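Shared between the two complexes below is chain A, which has chain B as its partner in the first and chain C in the second.
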Partner chain A sequence: MRMIKKNSIFYVMMFPVIIYFALFAYYPLVKGLQTSFQDYKLMGERPYIGFDNYNQVLHDPSFWDALWNTLYIGGGILIFGFIAPLILALSLNEVMKSWFKKTAQLVLYVPHLLSWVVIGGIFIFLLSPDSGLVNLLLIKIFGIQPINFMAEETWARMIMIGSAVWKDMGYNCILFLAGIAGISPTLYEAARMDEATRWQQVHYVTLPQLMNTMKVILLLNTLGIFRIFDQIFVMRNPAIASKVDVLMVYTFQKGIMEIRIGPAAAASFFVVLFTLLLTSVVRKMTRFDEV
Partner chain B sequence: MSKKNVAVSLILAGTVLLSACGSNNDTSSSPATPESAAPTESTAGMKLEILSGNVGGKTPEGNTKFAQAISDKTGLDVTLDKPASDYDQKVLTALSSGAKYDLIEVSDLAKLDAFFNQGVVTDLTDFVQSSKVLSDPAVIPTGEWDQLKGPDGKIYGVFSKFQGATMPIVRKDWLNKLNLQEPKTLDELYTILKAFKEEDPDGNGQADTYGLSTSGLYDIQGIMSSAGLKYRYVMEDGKRTIPYATDAAIPMYEWFAKLVKEGIMDPNFITNDTAKMRNLFLTDRVGMVTYWDAWVGMFNNLKKQEDANTAFQAAGMVSLEAADGTIIMRRGDPDFWIIPANAPHPEAAKKFLEFWNTEDGIILGSLGVQDLDYIVDSNGYSLTETGKEANMDHGVPYWYNSTVKPLFPALPGVEEAMALSKQYATLELSLSTWPDAEKIVTNYALKAMAGQMPAKDAVEQMQKELKAANLID
Partner chain C sequence: MDIERLERRGWRNRTFDVLNAAFLILLMLTMIIPFANVVALAFSSGMASMKPEIILFPKDFSIEGFSTVWNSLDLRRPFMNSVIVTVSGTILHVLLSSLAGFVLIQPHLPGKKFMISFVLLTMMIPQDAIMIPLYLVNKDLHLINTLSSLVLSGMISGFSILLMRNFFLSVPYEMCESAQIDGLGMFRIFTTIYMRLAKTGVATIMLFEFVSRWNMLSAPVLFINDSSKITLQVALKSMITDASATSSNLLITTNVRMAGILISIIPLLAVYPFIQRYFMKGLMLGANKE
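And now, the complex of A and B:
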């Protein structure tokens, strides 16, 4: 009690944040949970129907398709979105010219600042079968027929993964570079005295010292797997929808397009549940608590 | 009990408590029936809150002036909420959060069906039938009201404008240049589209034109008509069928695949949105698109504004005729107003609905606000620059009321296009299962059209999946 009194000013300062989260995060969450157990109508009575909405969702084949798509695309983004910026950060760390390093970081970071509406539009344009740069190059170099990348299922998921990795590569790269910058130079000095090569320095000094940063980035990216929405919403089309529609798109379609709020709320709680489960697994596997 | 278990128990208990305390609206879930249908009490000075997607000004300032103009003309205190984007989400959020509007604009009959089931809409039958304005067949033809009836046969909306139809729109000047006639059969259409592709109709010396572009499966209705196939559902002997998923559609998808293979069709037809399709047409890249009849006039007018001497000439075309003489054109879902069951001022809303279908309302909805969008002087009406940009469309480019004549000549080509719509266009049957069925149909139809899979396999797969999901009988 004395401690509370002593730090009372700090508790008062926390109030706005607590109120913000209570109002805009926890209240909607609880309300959503309530909705998922109701036969929810926009107006009128909203009787409780137990687990009927959850049952409906679990018996909908589209839900399972969306879950598989989420795991495929989200998993791809998680793996490649972790490895690619790590390699990039390690490569940039080897660059001696400071101006080049800074310019490269800036250029790589820019896509992260752009919305998916812009990035999606750029990709659709670049991959267009008649005027897209990619097809023009493929025709020029290999003399092959144009590929309708955005309309063929074989390419659909790869394009989603590739564009997402590309967009956030610069951001994750900067996080890795910040981690690398924090490694004590004495460790490299000791390694050099032991005649370690550049690769051995990376293998025995940089990577082990970067482990905590890697754990944080992996966990943050894991949290985002089930929340993919904007990208798919912008880049999907009916020909590839069955291969790229993820759980959040399923929720959007049920709730907003079909006005079936109850099943949409139930589906969104599956998203919360899956995120919790996956995050717990990743925490355990990476021994995150030892960070 | 561990601390974790205590915490989990507390959360669950709290959730149950909150659930139990959750407010249930007392309003009945069935559509509300007002005690008095016709506006009986004085509405002067009464508030009127409107949520609209199309009706209103083109900028926030223009919208404020538009609301003021409604206030001036009706004597109501009007607030007009017109979101810049994501209108459907805004409507849904407003309704589910209990926000109160007196009028909401809706553009989708499936939404009316959903709103009926969710207890959102007010029964307007008595009001419409007793209203001198709205019950007049010259203002709104009697048969049109059927569109806005719920499953119980009662009227739940009032039209905000006349909705036209979509149709193939062709470059008439290209046809003339290549000495071709408007096509009547599938073979003639193929010849024309091929000529648009290969015979340099824009005269720039480059093979950079396409015959046909579309932006959605509904866009091919004018061509599917030649096989007598209508989009969405068709009831046959009480059974739900989807003509686009029947064997009769196979040769049609094969025909499109041939167009794609020969480079006659815009290869981006799967990823196109309507804006991209319109741009292709306006920039001389494609000879035929499918779009709204009103856009025939807009296309011509836009090109005329760009260059007064332009050769560009768009013309609406009737759908291809089936072997039995049937012509199928797609009429768009109507735009209409609903009065939500929780509207605080339904009488004010009814006053507005009558006003909106009178001459004053129609002039406001088409030309816009006086002295902002148009001026009236001794020479009559003339549009300001702001008015010209708005293209005489503030939510009502065309209207039902036959007693109100347009103040300006119709845009070139639009009257002929609308005559075709009125003669042939019919509404599509939109059942509640259509959103699920549409995903399956469009997925395989587009693959067949693009040549990614044989049309026969695509239709077979469509039928299999539609039956498995109980989406057809």
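And now, the complex of A and C:
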């Protein structure tokens, strides 16, 4: 008891945090689960209806579209968003002049700093058929008809993947570079003694030594797949919606726009389930726990 | 190794260096050209900005885009809303997360284990997956259409608490003990000793929070539908993406849109030098302890 009294100041300090998390993290989780089994109306009775909401979601073709879009776009971002910054980091690492290296990092990081509204807006503008930079270049160089990138289903997903990879490339590259900086210089010295070429140094020293960093980044990015929202919310338009709407957008549409809260809550729990499933698969595949 | 082979390798190295630099420059251009384009358009006149031309420098220089977006389209109010939410949210976030981090380094604190798992577990809850119930909670608390809902969204995070805890752990605990003997209260010890010694950590989460709050989109979209309470990002979004749909609004020429984008970028560019200095260092330091 005396211990508790002596430490009371600490409990006072911790109090707001506990209340906050209880109210804005744990309670919503429980409430979400409860709601997913209810015929939830904003007013009046909210009878429990068993798995009806889940059933509804599973029989909604646009849910399956959203799931497939999430896997397609999210998977693309996961793969290319991993490879591109890795190549970039290896390439930056070979640069000897430090001013050039610093400038490159400075410039490449900027898109990560900006919101998806800004980046999405710039992309929409650059790709617009009448006055966008890309089409103007294409017309000038190849003399082809302008392509309405943001309205064509074939391009839509690729643009989403491409812009996401482009935006976060600089950020992930810095994480890789930090990993490279942590590699012991003696390994490179030894490699040079053995007359290893630069490529051999990368192949036999840098890449194997970077394995742990790679696993962490891969796992973090996997968690991000089901969280894609801002980007699609900004860049979607009716012409391509069915090809790019991801699960988060689907939940938002169902819950907030159509006010069908029960099914939306059920869909959210599918997202939780998929996240858990995918994370454990990636953990297994990368043998993450052995790190 | 004979000279000829060395020389050949030198040549190959140099070719590689040139190609490598070219690759990086090309990549940088994909970032520089669009932004140059945005800046040039923002400072061009409405007429010039609507012409289908590639411009990297302002044409027919004018700042009418800025005055239109700021005054006629009244971007001022969303801008101020964003400032209020970002500043107050960031201060509260740093203060409360640091306090919790400070509590969690105390040895022999009954219930500490529980508190740590309580904090850790919140990091497993996907924020977006509780989007709908969060909306309901805010509704029950009558927070919908208030800026408070935006300040409260993500006001404390497990990540920041753990990061600050790691920073505080690197301060020798004897300091806390001797300060206590000198009669300093715990809160004073926290502000005068710990917060000062963990400056890198504070700067890290502060910048992190500042940027993510300024860029926040899903929370205002979810909680706000009163047009006097919307934030800059939401205002900008409707200006950029709905402009084509509601082309009756002749005010929104390209230079106006680009001026809006630039205005929203300025605060971020203002903190960018600090991010360069603290951000990565902070993340690495914070992550490597434990």
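Criterion: the second predicted complex is superposed on the first by the 269 of 291 C-alpha atoms of A that agree within 3 Å, B and C clash if a C-alpha of one lies under 4 Å from a C-alpha of the other, contacts with A are read in each partner's own complex, and residues count from 1 in each chain.
Following the convention adopted for this analysis, a contact is a pair of C-beta atoms (placed from the backbone, for glycine too) under 8 Å apart; a residue touches a chain by one contact, two chains touch by 3 or more.
All of these numbers come straight from a predicted model, not from anything done at the bench.
Trainee: Using the superposition on chain A, tell me whether chain B and chain C clash or fit.
Mentor: Partners clash after overlay.
Trainee: Identify the partner contact of A:130: answer first if only chain B is touched, second if only chain C is, both if each is, neither if none is.
Mentor: A:130: touches chain B and chain C.
Trainee: Considering only the touch criterion stated at the top, classify A:75 as touching first (chain B), second (chain C), both, or neither.
Mentor: neither
Trainee: Among the partners chain B and chain C, which is in contact with a greater number of residues of chain A?
Mentor: Here the partner covering more residues of chain A is C.
Trainee: Would you check which partner chain A:61 touches, where first means chain B only, second means chain C only, and both and neither mean what they say?
Mentor: Only chain B is touched by A:61; chain C is not.
Trainee: Where does A:151 make contact in the superposed view: on chain B (first), on chain C (second), on both, or on neither?
Mentor: The first partner, chain B, only.
Trainee: Touching A:239 in the superposition: chain B (first), chain C (second), both, neither?
Mentor: First partner only, chain B.
Trainee: After lining up the shared chain so the two structures overlap, which partner does A:224 touch, if you call chain B first and chain C second: first, second, both or neither?
Mentor: In the superposed model, A:224 contacts neither chain B nor chain C.
Trainee: Would you check which partner chain A:261 touches, where first means chain B only, second means chain C only, and both and neither mean what they say?
Mentor: Touch status of A:261: both partners.
Trainee: In the superposed arrangement, which partner chain does A:43 touch: chain B (first), chain C (second), both, or neither?
Mentor: In the superposed model, A:43 contacts chain B only, not chain C.
Trainee: Given the superposition on chain A, at which of 91-99, 109-117, 361-369 or 379-387 does chain B overlap chain C?
Mentor: Superposition on chain A puts chain C right on top of 91-99.
Trainee: Go through chain A and flag every residue that touches chain B in one model and chain C in the other.
Mentor: 31, 124, 130, 237, 255-256, 261
Trainee: Taking the touch rule as given, give the residues of chain B at its contact with chain A in the complex, in rising order.
Mentor: Touch residues, chain B against chain A: 14-15, 18-19, 22, 24-25, 27-30, 88-89, 92, 95-96, 111, 114-115, 117-120, 217, 266-268, 270-271, 340-342, 435-436, 439, 442-443, 446-447, 450, 452, 469.
Trainee: In their shared complex, at which residues does chain A touch chain B?
Mentor: 30-31, 33-34, 37-38, 40-46, 48, 61-62, 124, 128-130, 146, 148, 150-153, 237-239, 241-242, 253, 255-259, 261
Trainee: Inside the complex, what are the residues of chain A that reach chain C?
Mentor: For chain A paired with chain C, touching residues are 3-4, 7, 9-11, 13-14, 16-18, 20-21, 23-29, 31-32, 35, 88, 91-92, 94-96, 100, 103-104, 106-108, 110-111, 113-118, 120-122, 124-126, 130-131, 133, 136-137, 166, 174, 178, 195, 197-198, 223, 226-227, 229-230, 233-235, 237, 248, 251-252, 255-256, 261, 264-265, 268-269, 271-272, 275.
Trainee: Which positions of chain C touch chain A when the two form their complex?
Mentor: Residues in contact with chain A: 1, 9, 13, 16-17, 20-21, 23-24, 27-28, 30-35, 37-38, 50-54, 96-97, 99-100, 102-103, 106, 108-111, 115, 118-119, 122, 125-137, 152-153, 155-156, 161, 185-187, 190, 211, 214-215, 217-218, 221-222, 233, 236-237, 240-241, 254, 257-258, 261, 264-265, 268, 272, 275-276, 280, 284.
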